[in-house]
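In what follows, a single structure is set out as structure tokens and then discussed.
Chain IDs A, B, C, D, E and F follow the sequence of writing; residue 1 opens each chain.
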């Protein structure tokens, strides 16, 4: 099985971090490819960043289809361009937010999503609502650190995560904690042990869901929402 | 007052159609500018089209801010790039779908949205749900005509609209009909007369809402979801 | 264009306040008429007050139709009698709560509604829910002042509003503040400057929405919920 | 126990019909009083009718409190003035729609509400939604007969009810049928036998709920939404 | 009228407590039978307890049908086995949670449910959501006492209830307090007096609803969800 | 990895069918055990059947924990006893309905659930609603065949499935079809080819989700809803 993980931002250090995390959990017989677009924003922290990152990401989705991969993982927690990617792809495209929210809903009564900046809490809220999972949602504690800060200062990031997660568990009654940012891949085991709740690393969860989909030969339905885009002139 | 209407597709004939419609309803003292990006898809009928149309559209949003317009109207019914546009803009950005759905909810119990292709019905459904307006939603009758076909064959388009709208009124109990496609601007008066319901032309509605916002000196709140994107390197 | 603004309570000082506010924002060519019923409660702070205020208000709605106005604004934040008014009117009737909730939903992720008395918070909650806007709703901070107290002591009213609004922004993450009481018309500009969020004066918003509807020649759909009441004996 | 049933319309024949129905089901030791206001519309089929019927109905609510009744039933399926009645009453006020919707939700998966005119379907829909019972709601088949027609031609009314109810059961999967109109009191036993579903006569259901509340010494909470209206001048 | 109240746990002291409470409120002509299964858990505080208690409870439901009772009350606040009981019963089966949630929704804007252990709050939340009553729900304050502790130490239980209920009223704006545990039957009158809100004892409420259903000759609809189970081999 | 699949009914032929299906899709290094309780109903088609099947199923859940399996799959589409199983288990318990509904929501806009008997449609509806997935739900076409009939007459079952599924796709706009009954395991590949939509076999989907959870070392959160049941006397 060959899985292509696309980091939609243009930061190769984040890409390397993701690759490192997934190498440790992939099945032995799974071939892993982690890439990012050459162009576009170096991190994704706004709808504007998402908009700019999407076209080059979609080019990589096309490439992964042409190269014969069995599944694609979009490794940014906001799932930028996910619907468009599903339209143009014959193989399953798994958004890490999408897969993780559904997994979290099965593992506990309510989940909290650790997020980078306070300005992104509304995005978390409506993405949860869009999937109908409001009653499984506890809160989105904001770390008030950018993706790059988290990447460059993991000690502070971890401490901040612990403090915010504890509050989510005790006050918001979160039973599952989602690390809502691709840059945080890899912290989950330590944190779970200290807090006594389930902690989900979205990239890992989505990667395993992608393996499961590929095993089952699944793809997105082409009968409606994700049918191929009409052919047309692009000026 | 100066209002910039951006047609996010690259078809100048649609742009001309929009301009023609709005010239007839603008206030005398409102200065109207209708433009489209040079590059991008010639019509928007998929999430993929939306993704490609968004970056050049956002460039025009920046331009309209720099040029000192008082408000912007995004004239494509899927409101592509609306959130990103609000983030980067100091002046109000009015999506024609957004403004029309809210207006329709005030004018009758339920509305139906005439849409081009059956494949876009899911998009209509979740855009309505995203705004919480499910209980005001009757249906999305699909014309099964592309935007360009509607533009090139207005006689067939009108006949099809009438048939579908009648069914929406009688069977789905729609009290308001939304012409859910920028290419249809201008049909509303005739149809309303024949069907006895209120028909909304989204571009016209949004344009008047933009005038109202500008009169009130309103803009999007910069305190959260639509605050300015963090500055960063774009490779 | 001629717009009739009906203050449903019988307090002419509130009516004068509304007139003063709207004179400052109306379009030059709009003719403004602000009136109130002679009979009924002097303020509206309960469902009981609403019930008593509605029949005389509906008489004014009929009068405005007979006099050939182009639109009506109901200037009490609870929109008393709004559905009945739409049934008996040929011209658009704009409730200030209805128009403002929809406008607020377009301008930020969540809004808070400043309200007079704690006892009215449930009314705010179900009016928001009735329109499907729960996910855009942050809170209803209660000023614990009556409409008449706010009218007679504007200094205290403003201070109280500032304190409550600040809490709504910081704790409830409101991005838009609605001044949920006709008696507060006119405070919005000052408050917006101090708090950095968008503040909406419902009477002003609804008035501009009424102008927009009249420009578009819109009226409520007569095809269902707001069709004319059956003729019958009234004993 | 003494229960006051208020028919909010001014038709004494409907009042007599209600009295007849309830005499047959009241507990032996319950004293029954059924009254209607002298003034107001002779039937209630619009929001406008509701608005006019409410003030005289509220006068009767006050009277029933002064007379020492143990509970009040509002015997019109739209529950006109229910919130205001609860505010001004020390004894429980049971709306026949409110009580019946909640009872129906306990007795089957989905209920349908037989209603008089198609124009009232939206009212049924939002009253159901207001109580959160959408997932228990199947449909509102409209008889297209006025209350007075149903009262004057019971044979046609019954035939129409049977036809519409059968469709609700077979196509909309209604398991419970609500006779959504006070004028229909008394048909439930016959119809239930023929259709094999549960049929609820709202006036009867509400009357028994009122007896239950009175037995339990219950009243509406005065701690918030239904607290007494502030005292004030009524011009 | 003969009503069978089934306490689904195997604790006869709880059964006695329930009998004592209901003897005081039953109608003179109602014959009361309160029983519990011989086998199964002595209290019900988990989904596992519910699962074990259900089969022996269903045996008692069958017995009550055979004995010719007019209605059954299931006297455990989680309503274990309620759906199955309705399927196999010809007479109405009233769950004390189900009946009380619907009653509470009629008596105030929001209710809080006093519950035993924090671990049961999620159960309260989804039971409320299952009935569509989220907008009437304030909170579920946890007493952190087991049913048996509450039964053996009523003084502490009452003090704890008062503290938690006061917080629910002042902070969560509960207008109605539900004593969400069969073991608490009997405290409601005292507490209501001290707190100024309505307090519901679920067993009492459900018992009176059962009397009302029996008076009306009601039963669960057998047309769908609660039709008789298909006959089959039980190994 | 060792996965224990529990068929909650007592029919060994269904168990064999499940084993046959899963043998074909399991990873080479996964050890598969498929079992059923000795006692209980031979099929599960009512809440009553679920109630009787649950206690012996929970015994098998305990056994699988003691035997050191890595994950459990509950192979009945109604997920009987799922919450209780999660409480008493240290290893993940995957309900086939739960896993499949979440998977379906990722693969298309709306899904339909093929179900056996019309009487089970309400169960499908509230299980979907319980997970918040109403907006992804198209319909539950009923085959009107029992589990045992489907098992004994696969030709008729397949034909019926095709007819019902086609209607779901064309009229209800289902993009994904779920075979909502363990007895149907194995039909998915053929049907998908003929209908052009994605067809999900719930047992297969849940099995792969269980493998994914085991790979990730996931288990249900023990911090709240699924914490261990309090120890107590079981009479």
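Keep in mind that, in the parts below, contacts are C-beta pairs under 8 Å (C-beta built on N, C-alpha and C of every residue); 3 or more make two chains touch, one makes a residue touch a chain.
The structure presented is a predicted model; accordingly, all values stated were derived computationally and were not measured.
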Between subunit B and subunit F, which partner chains are common? A, D
Farthest chain from subunit A, going by mean C-alpha coordinates, please. D
Call it same or different for subunit C and subunit D: same when shared residue numbers make up over half of all numbers used at their interface. same
Farthest CA centroid from subunit E: chain B
Calculate how many whole Å lie between the centre of subunit D and the centre of subunit E, each centre taken as the average of the chain's C-alpha atoms. 27
CA centre of subunit C versus CA centre of subunit E: separation in Å? 43
What are the residues of subunit B that contact at least two other chains? 109-110, 121-122, 126, 129, 134-135, 173, 224-225
Draw the chains as points, connect those that touch, then say whether the picture is a line, ring, star, complete or other. other
Contact pairs between chains, per stated definition: A-B, A-C, A-E, A-F, B-C, B-D, B-F, C-D, C-E, D-E, D-F, E-F
Note which residues of subunit C are touching subunit D in the complex, please. 10, 38-43, 45-52, 54-55, 58, 81, 83-84, 86-88, 117-119, 121-123, 126, 129-130, 146, 224-225, 227, 229-230, 232-235
Show which residues of subunit C lie in contact with subunit B when the two form their complex. 25, 27, 92, 94, 98-99, 102-103, 105-110, 131-136, 169, 173-176, 196-198, 200, 204-205, 208-209, 211-213, 215-216, 218-226
Listed in rising order, subunit E residues that touch subunit A in their complex are 121-122, 125-126, 129, 134
Quick check on the complex: what are the subunit C residues that touch subunit A? 109-110, 135, 173
